[in-house]
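Below you'll find a set of structures to go through.
Note that subunit A is present in both complexes that follow, paired respectively with subunit B and with subunit C.
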Partner chain A sequence: MELNIGADFSLDPAGRYYADGPASGEQFRELVLKPLLEKLGKSEKLLITLDDGVESYGSSFISEGFGGIVKYGYMSSEELLSRLEFIYSDEDYEFFEGRIREIVSEAKFGSKEYLSSKADR
Partner chain B sequence: MMSENHEVVTALNEIRDVLANQSSLEGALLVAILGAFAGACSAYFFSVLASRKQRSADGARLLIGLVEGLEETAVAYWLSDNEPATNTTVRLQEFQIKSHLKLTVKYVRLLKLTKVDKDVISHLDLFCSRVFRVATGGDFESGDRKASVRIAGQVSKLCIEAKAVLIEVALF
Partner chain C sequence: MKKISSRTRSRDVARSLVHRSGNLRSHTTQQVGRSESGFVARSTGPNWFGRQLGFGLDLDKSDGGAITINLPESMNFSSDYEMTVLYLMAIRRLAIKKPHKKQAHLAMVNFSGLMRISTSAALVLTAELSKWEDSIRQKLRPEINNWQFDILYKFYELGFFELFRNNPFEGTEAESSGSVQLVRYIKGRTGDTAMTRQLKAAIGKVVGDGIDKWVFLNTGLSEAITNVTHHAYNYEWFRSKDKTWYLTGSYNSESKELKIVFYDQGIGIPKSLPASDIWERALKYLSSFPSIERRRDATMLKAAVELSRTSTGEDDRGKGLQDLLEFVRQRNEGYLSILSLKGLYKFSIEGGRERVKSVHFSNPLYGTLIIWRTVLDA
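So, the complex of A and B:
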């Protein structure tokens, strides 16, 4: 299964919570990444294109979008990392792949209960 | 018969002398060529080494400028709240921080090609990773963001450490 962040989500992914803008990490996680992960077959991987129009990422977006999958107990960091593969034609995006892997590895499984920020912000 | 033998001996001696002279001439020529070749090789290797050092120094100078730009923007960003009145400035700062970071990552990758010291590269790689996490983490790009002297201080400290490493590359 494939996900092109620029084409399928936003060319300007930014912010952490819904209230931070139309392409936040929370929105990416809840409406795009989590549903795709749930649809994956047993040994299937999700191929994520990081560049292709997306200029850059912030740590707050990555932390909420990818790290949140582990933090809210949807999937362990080991399983998430084994299910993700990153694609980019621009070598500089290797840096963002590295940060995503780092942030996911450090996230503590189920350390926080998810309450949508739509309600409390 | 005696006279013929004498003539042969004389001719052979002359040939030997000529050959001996010729061989010393060729030897000298060979030594001269080898010397010139060695000189050209050492000049070439020296120029390659010097140009690599020059490229590293030039790259380090460019990186210092980028790190300074990143520090200036990120510190200003984290020293003020996100107020609706300053929203345009804040959005601009967010773009600039992300652009500076991306350019810094690119220049560090290019600096690796100049064969700069491995310790310098690992320090710069770590700097990119840390400053990215600090400067664009927390409430970065959030409408509710409050000023954080702690984050501004951390960004500044990381940038100063990176600049110290880069100054060494630029000067020595």
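So, the complex of A and C:
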């Protein structure tokens, strides 16, 4: 299964919560990444294209978008990392792959209960 | 305008400010929530202007309370930091409210004595004057006849004159003769991260090429904008229309120096730290400092940046400030400066060596100013 963040989600992913903007980590996790992970076959990987028009990934987005999968108890760090494979042609994006892996590794499984930030508004 | 002695002027300004906010107490302490700057000032009452005149603030005041601020010769946040923020503070205090009859208010800012201004000071000055009560500002036509040409052109490039309905450059174009080019400032609100693409396009035009490692600068800008939402204006007394940020860049074709400047007029990083998710860890970090230094803005600022490096999965908040450093790290040269209230945090790489400098100032720069500086083709 494949996911091209720029084409399938946004060219400008940024921020943590819905209130932060139109392409937040929360929106990415809940509406894109989590549904795709749930559809994966037993040993299937999700191939994620990181560049292709996307300018950058801030820590807030990565933390909520990827780390949140672990933090809210959807999947453990080990399992999530084993399911993700990153694709990019620009070598600078190796940094973002590293940042995603670092943040996911450090996330504590089930440490928070997810409450949509949309409910506050 | 009647000419008066500096002593009389000092007394008149001080007296008129008693009436500025309808508060007749001789020493006014602005409370959190009522102050536009968002924090408790030790003494922001009528004596403030009187004292600052003694420190070099140059004002003229008319009988009707109209004040002209005469800008100094040089404005920047390095060698002239204290004087520069003094003038910005004065503008902030005078410009933000619609005055009552005879109340001291900002009527004019005189640029004719200004000979040099840095890109960052020009951006902050533009941001402060954009807060000038709309009904006053829109009636003004900047009198540019006595401006130094370099200054005039710098503000023209920045887009400063578009703040005024009576734009002296409307329908005309000016040409630069200098080596430094600025890009028109971008003003955004919370969530406007896509607007950084405008800066990339504008800088690319000026430089004539792409900027190596731009993705890392964009990461820093993205986090700076996210920070504006989460911390800078995360207090109920900020009006929705005031939750803005400003962005510009400059390029010196001779020295190949590129500067990118981001500014928000929020509460400031040192003041937002106690309400943040990393405050508990910050307290432990701060306990290692002598007590007199712990609550200093420079120390709080350093804590915020340094702690973001060690953010863990449990408290994954706070990594964002480390993103600001990455552009300099990836290019392996240049510096990042963060100025917020009375603190400066400067991270630099020179000759492959990383250095951190932390400075505490006497006067605050309201909000947070972030400056990236690098030399292209270095």
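What we mean here is this: the second predicted complex is superposed on the first by the 120 of 121 C-alpha atoms of A that agree within 3 Å, B and C clash if a C-alpha of one lies under 4 Å from a C-alpha of the other, contacts with A are read in each partner's own complex, and residues count from 1 in each chain.
Keep this in mind: a residue touches a chain if its C-beta (ideal position, glycine included) is under 8 Å from a C-beta of that chain, and two chains touch if they have at least 3 such contacts.
Keep in mind the model is a prediction, meaning the values are calculated, not measured.
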Which superposed partner A:Glu30 touches (first subunit B, second subunit C, both, neither): neither
Subunit B versus subunit C as contact partner of A:Glu55, first or second or both or neither: both
First (subunit B), second (subunit C), both or neither touched by A:Pro22: second
Touching partner for A:Gly67 - first (subunit B), second (subunit C), both, neither: second
Touching partner for A:Ala107 - first (subunit B), second (subunit C), both, neither: second
Partner chain in contact with A:Glu91 - subunit B first, subunit C second, else both or neither: first
Partner chain(s) touched by A:Ala14 [first = subunit B, second = subunit C, both, neither]: both
Of subunit B and subunit C, the chain that contacts the larger number of subunit A residues: C
Intersection of the subunit A residues that touch subunit B with those that touch subunit C: 14-16, 19-21, 55-61, 63, 92, 95, 103
Residue ranges of subunit A touching subunit C (in the complex, touch as defined): 11-12, 14-16, 19-23, 55-61, 63, 67, 70-71, 90, 92-93, 95, 103, 105-108, 111
Residues of subunit B defined as touching subunit A within the complex: 94, 98-99, 101-102, 105-106, 109, 128-129, 132-144
Residues of subunit C defined as touching subunit A within the complex: 190-194, 196-197, 200, 213-216, 218-219, 222-223, 225-226, 229-230, 312-314, 316-317, 319-320, 322-323, 326, 330
Residue numbers on subunit A that touch subunit B, as the complex places them: 14-17, 19-21, 55-61, 63, 91-92, 95, 98-99, 102-103, 121
